[in-house]
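Next, two complexes with chain A in common: one pairs it with chain B, the other with chain C.
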Partner chain A sequence: MRSPFEQQLTALVRQPGVLACLVVGESDGIIVDTVAQSGVDEHAVAALAASLFRRARLSARAAGLGAVGFLELEAECGHICATGRDELVLVALTELRAPLGRLRGSMLQLAETLA
Partner chain B sequence: MSDEIQRLSAELAHDPASLVFVQLGEMLRQRGQLDTARKVTTRGLERHPHHADAHDLLARISVDAGELERAFDEWDTVLSLAGDHVGAHKGLGYVLFKQGKLPDAERHLAAAATHHPDDASIATALRVVRQMLGAPANATDEQMPPTVPAAEPGRPPESEPPSEPPSEPDLPATERHGTGDDARLLFVELLGDGAQTAILLDGDGLVTAGAYMTEDGQDVAQEIGAELSGVRDEAQRAIAHLDLGDWRSVTFETEVATVSMAPVSRDALLLLAAARSIPLGFVRRTLTRCTRHAATWLEEEA
Partner chain C sequence: MTTAAIDAWLEAPLRRFVRDSRVRFALLLEPNGQVLAQHGFTRAVDVMAACALAAAIHASADRLGEEVNGIPFRELYHAGAKRQMYLASLAIPSRSIVVLTVFDSDTSLGLVQLYMRALGDAVRTAAPALPPAARPALDANFEGELNRNLAILFGRAPAASVAPEASHPIA
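Let's look at the complex of A and B:
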């Protein structure tokens, strides 16, 4: 069965440097839908990215900064990007070369449809 | 070289008397090309010796280069040309504060506040100086603008000096590190006019430098640091499991601010909050500069 996100996730993964895109439950880190290149541990990405996003969301709220719109973790070998809505988190795992500006725009657009 | 710098350079080469040297010098300064920025500005001043903003720029270049006395002289010149130049009053307030000349610093900051009542960074700087002088913080509240909004500061920096300094003289963590008010002003030179604020946290999540002001003038750096430093732990956990190498930064955009954090030496964490109006790329650049500055400061403190 095709999920409502498959087409958009596939489009995101086709962007240069994007290794995986997932829709994940924020509280449990369980995958709702995923499109990934081979070799990516999707379950680990889902769990860790959801946890990171949740922590940022709760911390920002506690600090009086309001809701988190978009999060990006930059590491030596790549990025984790995340945005969320209604208990769902849209996650992308990328290489360093990925064009983050474009990816951010696409992810925020897709996040509008999450529910 | 950016297109804009290239364009301005070409324009200046075509017309050496053009006033674009100020804009070009400012762009070079912001890119950290201080020697080139100084040359461009000095040459421009040879043709336009009474250009107050050019002297102001030269002063800010000098601050960036750590030459406070030269900066003082330039801002002094600015005031002789334009007595109500807010940037010069602000800058002189900063230099005099660094030199420990608090009454003089207070005088210039008060003048800046009078001329620019909407600049929250001046208000907080003034509050700090007055507290250090032992005067009531609201001694002349009728002249003081509201203090720095915590995370919705305002506009991109146009001048370096005083931005978002402290108000309460006894923040526990900075006191614990024996650095006090000087530590709270650690990032003042790198931040703009209150649109950004930065704090440095140690491995335990305690504030060691910087300040985070609320609208009512309270320094809530410790509270903000405690709430946000936990994100670092999650980031470290994620990259360790995903073999992504060392983490470099975490940035998240909230409804009222862009928050960016990066590791510094000795388990320290640099946390920067900027108004949403500031472009993300500029926030990243400021984060990098503050992180380097913090690392140097930690080495000196060790």
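Let's look at the complex of A and C:
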């Protein structure tokens, strides 16, 4: 069954260095839709990234910083980027070489349509 | 919160699962309702009731899955207002273990499922090699074993007092 996000997720994954893009429920960590290259453990990434985003959102609120716009985690071999709206989190998994500026713009644009 | 297991090899995997998944309650049991390990319960009577109910739900889901799906349903999830329940079955050589977990908004279903897979791997690695045994669903001494296991879990009897032949039946 096709989801309303399939086309946009496919476009994100076609960007250089992007390994996977997922729409995940923030509270349950369950995948709503995903487009990923083989070898990515989508369920693990979804559950952990949704938890990370939720805690980042709670941390920002507790610190009086307001809503989280964009979360970027830099790891040894790549990045996890996340943004969210209305209980849904958009997650991207990238290699180090991925141009994050362009990806960030695309993710924020797509996040506007999450609901 | 207390974590206790009848068999020592189950305790470390259960502790790790509880620590990582952040579930409030966890119960490992035989499909026939015999308790194997628990985390979070403070009363033996609660463990006994939860085991009986979880075994019944698991058996119903198994049968229902066979009826409508051709194979047993292995996982069941219920969301409550504050707490959620996830019931799963771990297949290990020659037996299966039913795991009942209760959790709240401190974690998520996705995380619990993720660490349940890790628990399955850890249990399969730690489980001693046991030959499959054809046993009745309920042993004649089921109630005696249940009482003995509850006494061990809640510190009223040392684990060593369980005679090897009286330890868990293999389903």
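In the analysis below, the second predicted complex is superposed on the first by the 115 of 115 C-alpha atoms of A that agree within 3 Å, B and C clash if a C-alpha of one lies under 4 Å from a C-alpha of the other, contacts with A are read in each partner's own complex, and residues count from 1 in each chain.
We take it that contacts are C-beta pairs under 8 Å (C-beta built on N, C-alpha and C of every residue); 3 or more make two chains touch, one makes a residue touch a chain.
No experiment lies behind these values; they were computed from the predicted model shown.
After superposition on chain A, the partners chain B and chain C are accommodated together without colliding.
When the two structures are aligned on the shared chain, A:Gly29 is found in touch with chain C, with no touch to chain B. In the superposed pair of complexes, A:Ser51 makes contact with chain B and with chain C alike. For the combined model, the angle formed at the CA centre of chain A by lines to the CA centres of chain B and chain C equals 110 degrees after rounding to the nearest 10. Judged by the touch definition given at the top, the superposed model places A:Leu93 against chain B, while chain C stays out of reach.
In the superposed model, A:Gln15 lies in contact with neither chain B nor chain C. Here chain B and chain C sit at a least CA-CA distance of 9 Å once the structures share a frame through chain A. Once the two complexes are overlaid on chain A, the chain A residues touched by chain B in the first and by chain C in the second are 44, 48, 51.
Put simply, chain C touches chain A in their complex at residues 105, 107-111, 113-114.
By the touch criterion given at the top, residues 41, 44-45, 48-49, 51-52, 55-56, 59-60, 62-78, 80, 93 of chain A touch chain B in their complex.
Residue ranges of chain B in contact with chain A, taken from their complex: 150-151, 223-224, 227-228, 230-231, 233-235, 237-239, 241-257, 259, 273.
Only residues 24-25, 27-31, 43-44, 46-48, 50-51, 54 of chain A touch chain C when the two sit together in their complex.
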